[in-house]
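Once you scroll down, you'll see the structures, which are given as structure tokens.
Look for subunit A in each of the two complexes below; its partner is subunit B in the first and subunit C in the second.
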Partner chain A sequence: MFNMALHVGSTQRPEAVLFWVMAPMAVLAALGMLLVKKAVHSALLLAWVMITLAIFYIAEDALFLGIVQVVVYTGAVMMLFLFILMLVGVDSSDSLVENIKGQRPASILAALGLGGLLLSLIARAVTNVDAVGLTTANTAGNVQGIAQELFTRYVWAFEVVSALLITAALGAMVLAHSERKHTSQRQLSVDRFRQGSLAQTAGLPASGVYARHNAVDVPALLPDGSAAPTSISPTLQARGDIIESAPFELAPSVEEEN
Partner chain B sequence: MDISNYIYLSAILFVIGAIGVVVRRNAIVVFMCVELMLNAANLAFVTFSRINGDLGGQIASFFTMVVAACEVVVGLAIIVTMYRSRRSASVDDASLLQR
Partner chain C sequence: MFTSPILDYSLLAPILIILAGALIGVGVEAFARKEQRAPLQLGIALVSVVASFVQLLRVRNVRSLKAAIDSVAFDGATVFMQGSILVLAFFALLLIADRGNFVAQASAIPGSQDEHSSIAEGKSQTEVFPLTLFAISGMMLFAAATDLITLFVALEVLSLPLYLMAGLSRRRRLLSQEAALKYFLLGAYSSAFFLFGGAFLYGYSGSLSLTGIATAIDVNSGNDVFLLIGIVFLMVGLLFKIGAVPFHSWTPDVYQGAPTPITGFMAACTKIAALGAMLRIFYVALSADVVMWRPIVTVISIITMLVGAIAALSQRDVKRTLAFSSIAHAGFLLTGIIALNQSGLKASLFYLVAYGFATIGAFAVVTLVRDSAGEVSDMNRWVGLGKKSPLIAGAFCLFLLSFGGIPLTSGFIAKFSIFTAAYESGNTTVVVFGVLTSAIALFFYLRVIVMLFFTEPKSDAVTVSVPSLKVKLVLAASVIVTIVLGVYPSLLLNSAQSFASFLR
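Showing the complex of A and B:
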């Protein structure tokens, strides 16, 4: 007990210094992730926590996992997070209105209870445990050791996980794909010519054309003098607000002057 | 330093992630907190691997990373789809099944 430095489970002094410098920073960054308002700041703090964990992995003789942590998490996953943040909107910050009354303090209390449970269990289970260390497992090198395990004992899990990756990629493509809803002017004109008749190829007649007034409730006149009902808005037709339009004729007084 | 300190750190990070999941409203931040919890579990795996002198813990951590990558891809696609349909990334707005 009093000879902690020679205890089998204890670590060398440089690692202890590394731990006591980096671990409080990781915890502070994780707490800051909860407290900052902007999502981008949360993402950057999370990236810092992940880099800290990568350093811990390397210190714990898990060289391969440390590098994978940097490449996959801080490289790919955080980049994806920032990309989606920029896509969805950077200023979509949290609303402080509580939907369920008392949810926040209750949930914090429950999470702290979970933490107390976890920490007390760990204190009972693993304090002063004798660590075997990975020097024998890593004799051929950490990457070689992991490769040997991965492709012999865990090869079936490896295959299943590759199927999962492909499924996830396909699912993301299906979910994120959106049909183009906006049709171009060119497509609209092509569609007009391809419909059944060529009667309305130039578009619907505007109201009041060749009629006595050009108000919106006066139907346009077709070349044969009849009124075109399609030139009136369907709303006005439903209300019955349509003025009968007669063909425009010159007033007789004008003819007398000539 | 006792090696169990790594496990304590992992538990603390896990609890912070759990608080974030239940307290924050922005769906992306909630998702990042889930990632923090997964990372904390990975740290525990790596430490257990060192305690037992067996590479199995590191393999488990490796698989966790792969599954987390899948989960991030699908989850972010769901968030983007949700944002497209209701112009908001808040988890409170996705209450269509409520009434």
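Showing the complex of A and C:
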């Protein structure tokens, strides 16, 4: 095994040392990312995996890719991840309830199977194979080489990517942007006077005016003694969390008897 | 040192016109007044599709591999597929523009006060049109791209708008949003597989272009394990897009959840683009290695046909049924790849057009069957629809018969020619299974027809709403194409024959 890794890309000694120090850490971090419970820990481990990858890229003469990896992924994308995690709530963790019975063992088995298959196939394929082409690709310099490819051979694909960016921006607008009409206090008061009746121009009656129940779930009494349903928040009404107001109502019939 | 690249703009113009239309659409979103947006957007979208088609007709006889350095091949198959994507997209756009299929405001939480007020204000999400145009441009490029980088970019350009639009249904919004999320996550996953496979093919051949990979296979220079892994993973990404088993699980959910016009657009046009790219990859890059992939594709094709046909039998929802029918058709279409000969390519091109028109027509009918709450896709409530509205139900039956492959419909000629091609190439097994599963599927289609016409309607509030002019146009075109291609197939078969070639 040791020899195999050394052989790939005819690794020099310092690079081999670097690889054998960093690679286990990267693998452990990647596994940890899957296994830890808290999303923030998972994100931090992912950031570590990305930094390790960047170090590998730089060690293998792909300087530009390494820097981009740090700036774009570890910097921008990871910060975005953390930002969203903070929005959702740091303490929220995934629900681990299985919807389909036996799905987890089955998927772990399948993942191990596929992983093992790929690992053995690739291991067999790369034994005694030298990596080639790196020096040719880097003759004009790493960044220059990439620029050359990007702006000549792959310029069309490079241009078309802009369509992707516009789609993403447009999509974010569609899903998240809502045009709220901003109504000023002045407008609101004008509206109140123009609504036809002047009954509620001073605002809706406040709830809870009984001695025993001065809570938000009890309707207020109007001057004539009847209950005012508008005094209760529509949310409570929709939930049905309202105390029956009949016993408190100063019903006209009761008054007559007294 | 730096030589500036030469692009052949006349050959790229069909794609560029669509992209320009999309950009103007985005501008309209920003600057036009609200009530002007919808008609403006529809106008821009239709004009750019027509202009693009006209430009395509003007350059239809040009053959070049240098349209965009080595990234885009402009050959017969490209012209035919781009043309059919444009024609089908034209009708899909008409369907999209029809009233009441899209959410009033996507950002409003389902069932909230916001949603009610946005509906009351008559808002509409007119961004759908530029998004559709972006998707069309991606599809046109996907069918023409000749290197793995461009293929991947095109795949994303066509998918991203579709993920979005799948979540914009006006009714049953939670279902729609779930569908969009599911489609997005699984789609991203399959794109990753595509990239992984592409990386291995690069490792094998040292080249990202399809011809480069073909040369490497010819001289057998590389490492066979890399080739195998590369082919398999590339296939996963592509099979996901056409909805072949075992990568089909998104199809029924997304078809059901997405707004019906988008489902129609997706079913017809994505299939052309994805199958076009797949045909190109297998015919151009991997044809020399046929012994390695033909067994895999054969097995997948057979499973796909079986699962699609059998699962369709147990569905209760019209859109889910059509989804499984589309899965079965993905299986039939794969036989065109297995055939790996010129008649296979010709048959695939014909099949895609025939299937596309029948699909758009079928989904157009689905948008019309409504009750007071909106579209009704529950099959049991379609009972006896033929008595309420014989014309629309008749059109639906015609599309189903075409799906089933009954003679005198386009579906028969399509199936006949694609199975003939597979038979010619000596793949009898797949043909036998194809015919068998067609019979199973036919049983199901006939059951629906019996239900529509020979069962008494329930006293239910389900009605067929009077189609608007746009939907009438779509239905008329689909019916005419389905019948004409069934009776007089040589109209399209001849041109498919002359366009059925890949430049290498």
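By definition in this document, the second predicted complex is superposed on the first by the 170 of 258 C-alpha atoms of A that agree within 3 Å, B and C clash if a C-alpha of one lies under 4 Å from a C-alpha of the other, contacts with A are read in each partner's own complex, and residues count from 1 in each chain.
The rule is short, and it goes like this: a contact is a pair of C-beta atoms (placed from the backbone, for glycine too) under 8 Å apart; a residue touches a chain by one contact, two chains touch by 3 or more.
Keep in mind that what you see is a predicted model, and the values were worked out from it rather than measured.
A.B. asks: Kindly say whether there is room for both subunit B and subunit C on subunit A in the superposition, answering fit or clash.
C.D. replies: fit
A.B. asks: Just checking: does A:L112 make contact with subunit B only, subunit C only, both, or neither of them? Give me first, second, both or neither.
C.D. replies: A:L112 sits against subunit B, while subunit C stays out of touch.
A.B. asks: Would you check which partner chain A:T136 touches, where first means subunit B only, second means subunit C only, and both and neither mean what they say?
C.D. replies: A:T136: touches subunit B, not subunit C.
A.B. asks: Is A:L31 touching anything from subunit B or subunit C once the two structures are fitted on A? First, second, both or neither.
C.D. replies: The answer is first: A:L31 touches subunit B but not subunit C.
A.B. asks: Would you check which partner chain A:A163 touches, where first means subunit B only, second means subunit C only, and both and neither mean what they say?
C.D. replies: A:A163 sits against subunit C, while subunit B stays out of touch.
A.B. asks: For A:I122, decide between first (touching subunit B), second (touching subunit C), both and neither.
C.D. replies: Both partners, subunit B and subunit C.
A.B. asks: Quick one: classify A:I84 as touching subunit B (first), subunit C (second), both or neither.
C.D. replies: In the superposition, A:I84 touches subunit B alone.
A.B. asks: I want to verify the contact counts: of subunit B and subunit C, which reaches more residues of subunit A?
C.D. replies: Touched residues of subunit A are more numerous for B.
A.B. asks: For A:L175, is the partner it touches subunit B (first), subunit C (second), both, or none of the two (neither)?
C.D. replies: So A:L175 meets both subunit B and subunit C here.
A.B. asks: Tell me which partner A:T152 touches in the superposition: subunit B (first), subunit C (second), both or neither.
C.D. replies: A:T152 contacts subunit C only, not subunit B.
A.B. asks: Quick check: superposed on A, how many Å separate the nearest Cα atoms of subunit B and subunit C?
C.D. replies: For subunit B and subunit C in the superposition, the minimum C-alpha gap reads 5 Å.
A.B. asks: On subunit A, which stretch or stretches are contacted by subunit B in one complex as well as by subunit C in the other?
C.D. replies: 118, 122, 129, 133, 154, 157, 161, 164, 167-168, 171, 175-176, 178
A.B. asks: Which bits of subunit A are touching subunit B when the two form their complex?
C.D. replies: Those residues of subunit A that touch subunit B are 4, 7, 9-11, 15-16, 19-20, 23, 26-27, 30-31, 33-34, 39, 42-43, 46, 49-50, 53, 56-57, 60-62, 64-65, 68-69, 72-73, 76-77, 80-81, 84-85, 87-89, 92-95, 99, 103-104, 107-108, 110-112, 114-115, 118-119, 122-123, 126-129, 131-134, 136-138, 145-146, 149-150, 154, 157, 161, 164-165, 167-169, 171-172, 175-176, 178.
A.B. asks: Enumerate the contact residues on subunit A facing subunit C in the complex.
C.D. replies: 118, 121-122, 124-125, 129, 133, 140, 148, 151-157, 160-161, 163-164, 166-168, 170-171, 173-179
A.B. asks: Across the complex, what residues on subunit B touch subunit A?
C.D. replies: 1-9, 11-20, 22-26, 28-29, 31-33, 35-36, 39, 42-43, 46-47, 49-56, 58-59, 61-63, 65-74, 76-81, 83-84, 88-90, 92
A.B. asks: Quick one: in the complex, what on subunit C touches subunit A?
C.D. replies: 1-5, 7, 12, 19, 22-23, 26, 29, 68-72, 105-108, 114, 118, 123, 125, 127, 130-131, 134, 137-138, 141, 147, 149-150, 153-154, 156-157, 160-161, 164, 167-168, 206, 223, 225-226, 228-229
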